[in-house]
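Naming follows writing order (A, B, C, D and E), and every chain is counted from residue 1.
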Amino acid sequence: MSDGLRLRGITKVLGGRTIVDGFDLEVRRGELVCLLGPSGCGKTTTLRIIGGFLRPDAGEVLIDGTPYTHTPPERRPTAMVFQNYALWPHMTVFKNVAYGLRLRKLPKREVAERVERVLESVNLTHHIHSYPAQISGGEQQRVALARALVLEPKVLLLDEPLSNLDAKLRVRVREDIKQIQQRVGITTVFVTHDQDEALAISDRIAVMNNGRIEQYADPHALYREPETRFVADFVGTMNFLEARVRSASQGAVVDLGDGVVVPCAAPTAFLDTPGTVGVRPEDVHVVADGDGAKARIVRVMPRGHYKEIVLDLDVVTVRAFVGMEQPTEGDVRVRFGRALVYVDDRLRRGSPSAPARSPAVS
Amino acid sequence: MSDGLRLRGITKVLGGRTIVDGFDLEVRRGELVCLLGPSGCGKTTTLRIIGGFLRPDAGEVLIDGTPYTHTPPERRPTAMVFQNYALWPHMTVFKNVAYGLRLRKLPKREVAERVERVLESVNLTHHIHSYPAQISGGEQQRVALARALVLEPKVLLLDEPLSNLDAKLRVRVREDIKQIQQRVGITTVFVTHDQDEALAISDRIAVMNNGRIEQYADPHALYREPETRFVADFVGTMNFLEARVRSASQGAVVDLGDGVVVPCAAPTAFLDTPGTVGVRPEDVHVVADGDGAKARIVRVMPRGHYKEIVLDLDVVTVRAFVGMEQPTEGDVRVRFGRALVYVDDRLRRGSPSAPARSPAVS
Amino acid sequence: GENPSAGSSSEGKTVRLYIGGDVNVRGLWEKNLIPAFRKAYPGYDVRVTFSEHGVNDTTTLAKLGAAVKADQDAGFDLADSNLVRQAATSGLLAKVDTTSIPNLANVDESALEPVDHAAVPYRGSSVVLAYDSSKVKEPPETLDDLLAWIKANPGKFTYNSPSTGGSGQSFVTTVLDKFISEEDRQKMVEGYVPELEPLWDEGFAVLKDLHPAIYQKVYPNGNQDVLNLLGKGEIWMAPVWSDMALASMETGLLGPEIKLTQISNPSFTGGAAYLGMPKNARNKEAALKLLNWVLEPEQQQTIVDVLAGYPAINLDEMPADVKEKFAGLETQNLRLTYSQKMISDLNNLWQQKVPG
Amino acid sequence: MRSQRIRGLLMVAPPVLVVALFVGFPVLTAAMYTLGHTGGPNSVVASIGQRQHFAEHWWGTTDAYAEVFASQQFQRSVVATVIVTVVSVAVTLGLAWAIGLYVRLSKSRVAKVFSALAVVPLFIPVVIASYAILTFYASDGFLRTVAALLGWESAPTFGYTMVAVTIAQVWVNLPFGVLMMTSGLAAVPDVLIDAARDAGASLPRAVVSVFVPLNLVPTVIVASFTGIAVLGSFTVPYLTGPSAPNMLGPLMTNTFGSFNQPQQAQVMAMVVFAIAAGIGAVYVWANFRSAKRSGAVL
Amino acid sequence: MSAVQTSQRVDEAPAVPAPSRPAVNVVRRAIARAVLGLCVLLLAVFILGPLIWLSLRAFAASWSYPSLLPESWTLSWWRQVLADQTLGSSIRLSFTFAPVVTALSALICLPAAYAFARFNFPGRRVLLVSLFATNAFPKIGLFVSVAGLLYSLHLMGTFLGVVVVQLLGTIVFMTWIPAAAFASVPRSLEEAARDVGAGPLRVFFTVTFPLAAPGILVAMILSFLASFDEAQGTFLVGAPNYITMPTEMYTLVLNYPEQAAAVFSILLSVPSVLLMLLVRRHVMGGRLAEGFHLR
């Protein structure tokens, strides 16, 4: 059970504010977990606590069962990749990577070997004697990774490692990281505020908000069933509607008021008083005609292999993702697929209670 | 014809290298055009030439027909939003926006009015007296935009205006920009290296490479029919395969060699000698069984409303975008939809020539 | 321990000599006297510390005062500088007599009065009037002539500010003396009598009156500057130290056209240069040796030759040629200048009343 | 972090103590002396000083100050000092800005020549510098020679005048000014200027509305350090200046040395100190004010 | 916004037609060039003129106003000066003091600089500024009252005493500039080193120090020059045992014929100039300026 990384009730107060607040996290050995959250929610702080750069005011850090809460960074089996890489500008790539090994008084030959091996794994051998300033951002990023990996730490920590790469590169490098991580099979905590990134590479994602975990789940679950409104909003795109959800003759419908009623295939629950209903754009089905609520297409944004369209349903506007082929002119009809019902910002599930006015079956 | 912005044969040599190379561009009045390209391809340089910060070595810049090639920036009807906003840290938001108007000796009252109006339009009135350092990145970005718009320029120039906003914000702000631009109906040139961004907001996109335009088309065309291999690679994801394309009994097939043959619904041309074939991930159709090439699923990356999967076809691996529902275990069969054929890096279209070995009909 | 100079001269055979004067004096010591002394007393040596005219004398004096008070090393065993007179009168220097310095016998008693026998006069020199004979046909003979000439030839005369050198100081003193009775003057020479300073006002008025006629209305810093101006032909006439003038003529800084003369009633001041030894000097024995040796005729001869200075001992002791060289010139009791403290005030008052 | 505090204080201690012992303490004793407390550490100086004033009350006496302030010579000297200081600061700033701006905006080879020239004085001992400048502007110096050759016989002589002093002061202080301004200006990104021009400002206008406000701190630094340096200078005015009225530096030395009035000299020192401290305060204020807003600088 | 749209344009003067423009530019450029050239010349004369003028004098046998060059040349002044043996010793002394002072200064100031840059402790700013006092009090007044102190500490006339007096002039540079240099080293670089297993000390010597070195170098250069230039204090404390170059120079400049003084000046500024050629590059970087921005 105690393999991998464990945080128990970590709390940190900085500048009078509670930045991390009773934080529990459990990362299995070899797992890649993302800390995902808006700027300022305490991701970096948490990571720095794991790395030993900050002492928590409460709680403990365990790695493979041993407590490291008060160990200084240099004596922790963790390795960190910093947001701006933090490569030492006065050392060559080789020296940067070798630094840690040298400290450990390994024979020169072994140092050289291991450095070369790790540089190979991030294929940078050709830059072994360049200085950080002479190589591109993506390469620097990989050097930083190599520097962390060469020590074969038990836990790898990455703080927004991709944020200064450009769009194209960001996608490529994140896959490299994932591959290497899988190959080495190292326990990894990855901080990012880009949900796309998180979804793409994580085994599990911990969505953070104000120093607490909102939800901790695997990408699919997180996207499909965001437990809280915050998560639903932060991860992916979501249409939030103030509406009631009731069952009608043709099945469940989302009632937006003013007589706008949208058929809904799968609501998570019924709502007899207006509440928040979340519908993913891909769950907004747009058809030329047939039954469904009338809607007008206001704007179309090509997104490559699919289109994002904005629909006007009189009372609200909703976004939908549709295939490229889908015609996108004039009036259409709209149906919902899954709809997530939130009551006081938490997802409500379970056997839809019959709407109030129809007599409940007792 | 001569409305809007026109660049004719712009060439610029910097530090001995030709950064912009015989560049022609024509932007209709009120149109939003993206300059899209990898880092270092000359986007900023081009923009600075339009803005008047650089004199081209050859070619001319026309706005609504008048030549401005040698006019200094202060006398051009252009307004630029710089990559890092370039707000003046010692002036309040109001002062920043009012600066240009003040220079024009407008009466205080009018200045105040116009500043307030424009700040409203980017809804920042509440920050009117804050200093740039006191407001968030997204807000700074909007101030920069307001500062440019308040002068009612004929041409609006934006240099990667979103690159230092975080993922979530980037998407929101880019839509704001698009909306404002449409409302004001101002001719706009938008520099970015994020193809997602370009696709989402452009009327037309000019893909740049080494200071030249590779393709100039609207987002849909650009994504569907990338004229060159570079564009195909840079815009969206693309599987490139070294293969032949021939017609077989069941129709056209992509022949990857070693007996791996993938049925293909719509190749742009036939290839009797191995060439480059590009297939979009969404055109890789994955079915549990039925006819198609055998493939193994190597990796699955949830991308929110769809999944990206990596398939191993023995000779190559290809990526495919599939819906969430699609089962993604074990062996599957693969068919291609559209396939783009590139011969010496240019798209080949038109009536598929019959493969060489079957006797040609004369 | 913590004082290297003490350590280095622990055997007491090295005399540390502080010179506060013009470079020629230093030259005299380093190039002539010291080598000779070394020869005369093998194993003995002299190390020189040179301080440019005026500027550091008082700080050195402060140092001396403090050192004697705290019975610490003042940093020198002998001093050749204007500060000696005041140091002597403020009782910081060791008394000297014929028992400690036999040769003192040949020195005129009057020369020991102003320093209450706490210092040894070892040479004399006086300020003279130097003029460019090619421009000035008949040089002034009295002070009045001089003053008249200065007014008549504006911009052709200057003197260094009294705080920066003896020659200018002498000129100022001489002008002041014009209006002061002999006994008052005597008081000023012997002691510190601030109450008499008002007597100077008339003199200062005269000097102020000269100001417009002074070369560029600036008073150079130090005796040498004046000589430079003279050498470059910028000015035609100036008060200079006899010894420095003669020395410069040898180096060629002053051309042959420059001639020297002494004016009368009153004449420029001059006086003996004194060597003084701190009460608690580290190397007394060696210092006394040097003092006695300097007063021997040969050394006096050297001084006369090198510095064109006056001997400090009776001419009768000197060889014949020297005797008649100074025939007529008063070499023993020259017109002494004021006591150091009076000079300090004089500098101050001049600074306030004359320039600018 | 308490440990950090203590470590910090310990590491900072040595220089602070040195300054406290060898500057703080002497300054205090000097202050005491000016108030007529001639005992203790002042006894030595007092023992040989002339025209001293002795404490009458427990806190001392202001007679020394009264005397000094009353003296015409002092007043004239103060005026001279202040004028020279103000002028040389102004000129130094002007030059530093001009050179700095040019270097910032052109980046050409000429620019390199400029900045290279400007730092030379940093490496020349002040004594030599003063002497060289004295001869250069002397009555037979380069300036008058050239003038004479051009037929202007009666060209003014700067040597031994406050003009020479000012020139020398500028000469000596220019390097610091230029170094400060160049790097201060270098810290302002090009885009800020571009943005201003884009908004319709001519280059000069852009400079005024962007460079100037963003370089107030460097400017203040140059002004204050030059000012303080000039105020306390001795060598330059002593060598190149007139006999009187000259700056306080030489007067102080004369008063102390030639006039043998240490107490009065220290009074003057106190006056200079007061002015310098005033300037220093401005400098500190400017810095910390900007440090507060420093988040505001791109 | 649409409202903004309607209000009339206040913008651009019509653009100057393209072709005519270059011609204008050529003329403008030419004029600009000329002006610029003049400025360079003036600055050169202002800065270098005096030095050159002085060095000419060192070779002048006779040189009478008004002539741009001496009428006749000679080396006699050089012979005269070089014969003077005190010169050598004073040069030697200067070159022992300056390095010693710089080293000592570095020894006591660098730790402080680091603390100022990295730690946050009560009174940090006050202390940082208090060092500034050394600049604010006029040296003359200071040295006078220092003398008494040095006596009671038995430092008068000792090597150490001189070192102390010269040290005072270097403290501000040695603390402020390195402090800025240290502060400019990103903490993350240090943390990265801690992370891979280096202890605080090692981190300092392998990462922080090398990266701050340029700034420290500048500080050392300035300190060197400062103690090299110090004259009054050195004389007061050092005489008679320690007479350094500048001290010597006061005397010489004032008491020798101009030509000789010129020779001295040249001889004595040779080391400084050499130093300049060596280190100008470093001093020109922004390092110095950074130091004077208090944070």
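The rule is short, and it goes like this: contacts are C-beta pairs under 8 Å (C-beta built on N, C-alpha and C of every residue); 3 or more make two chains touch, one makes a residue touch a chain.
All of these numbers come straight from a predicted model, not from anything done at the bench.
S.K.: What chains do subunit B and subunit E have as common neighbours?
M.R.: A, D
S.K.: Hey, what chains does subunit C share as contacts with subunit E?
M.R.: Chains touching both subunit C and subunit E: D.
S.K.: By CA centroids, point me to the most central chain in this structure.
M.R.: So the chain nearest the centre of the shown protein is E.
S.K.: Find the geometric centre of each of subunit A and subunit E from their Cα atoms only, then give the gap between the two centres in Å, rounded to an integer.
M.R.: Roughly 54 Å, centre to centre.
S.K.: Distance-wise, how many Å sit between the C-alpha centres of subunit A and subunit D, to the nearest whole number?
M.R.: The computed centroid separation for subunit A versus subunit D comes out at 59 Å.
S.K.: Quick one: report the Å distance separating subunit D from subunit E, using the average Cα coordinate of each chain.
M.R.: The separation of the two C-alpha centroids amounts to 14 Å.
S.K.: Using mean CA coordinates as chain centres, what's the subunit C-subunit D distance in Å?
M.R.: 37
S.K.: By the touch rule stated above, which residues of subunit C touch at least two different other chains?
M.R.: Where subunit C meets two or more other chains at a single residue, that happens at 55-56, 59, 62, 66, 221, 232.
S.K.: Enumerate the residues of subunit D that touch no fewer than two other chains.
M.R.: 43-45, 139-140, 200, 239, 253, 256, 262
S.K.: Touching two or more other chains, which residues of subunit E qualify?
M.R.: Where subunit E meets two or more other chains at a single residue, that happens at 11, 64-65, 144, 147-148, 151-152, 250, 258.
S.K.: In their shared complex, at which residues does subunit C touch subunit D?
M.R.: 54-59, 61-62, 65-66, 69, 86, 90, 161-164, 192, 194, 216-221, 232, 234, 340-341, 344-345, 347-348, 351-352, 355-356
S.K.: Using the touch rule from the top, collect the residues of subunit E that touch subunit D in their complex.
M.R.: Going by the criterion above, the answer is residues 11, 36, 40, 43-44, 46-51, 53-54, 57, 64-68, 108-109, 111-112, 114-116, 119-122, 124-125, 127, 129-142, 144-149, 151-152, 164-165, 167-168, 171, 174-175, 225, 228-229, 231-232, 245-246, 249-250, 253, 258, 261-262, 265, 268-269, 272-273, 275-276, 280, 283-286, 288-290, 292-295.
S.K.: For subunit D, which residues are in contact with subunit B within the complex?
M.R.: It is residues 189, 191-192, 194-202, 205, 209-210, 213-214, 293, 295-298 of subunit D that touch subunit B.
S.K.: For the complex, which residues does subunit C have touching subunit E?
M.R.: Touch residues, subunit C against subunit E: 2-5, 16, 18, 22-23, 30, 47-53, 55-56, 59-60, 62-63, 66-67, 70, 72-73, 75-76, 221-222, 224-225, 227-228, 231-233, 248, 251, 253.
S.K.: What residues of subunit A sit close enough to touch subunit B in their complex?
M.R.: 38-39, 163, 166-168, 193-197, 199-201, 219-220, 223-224, 234-237, 280-282, 301-306, 308, 321, 324
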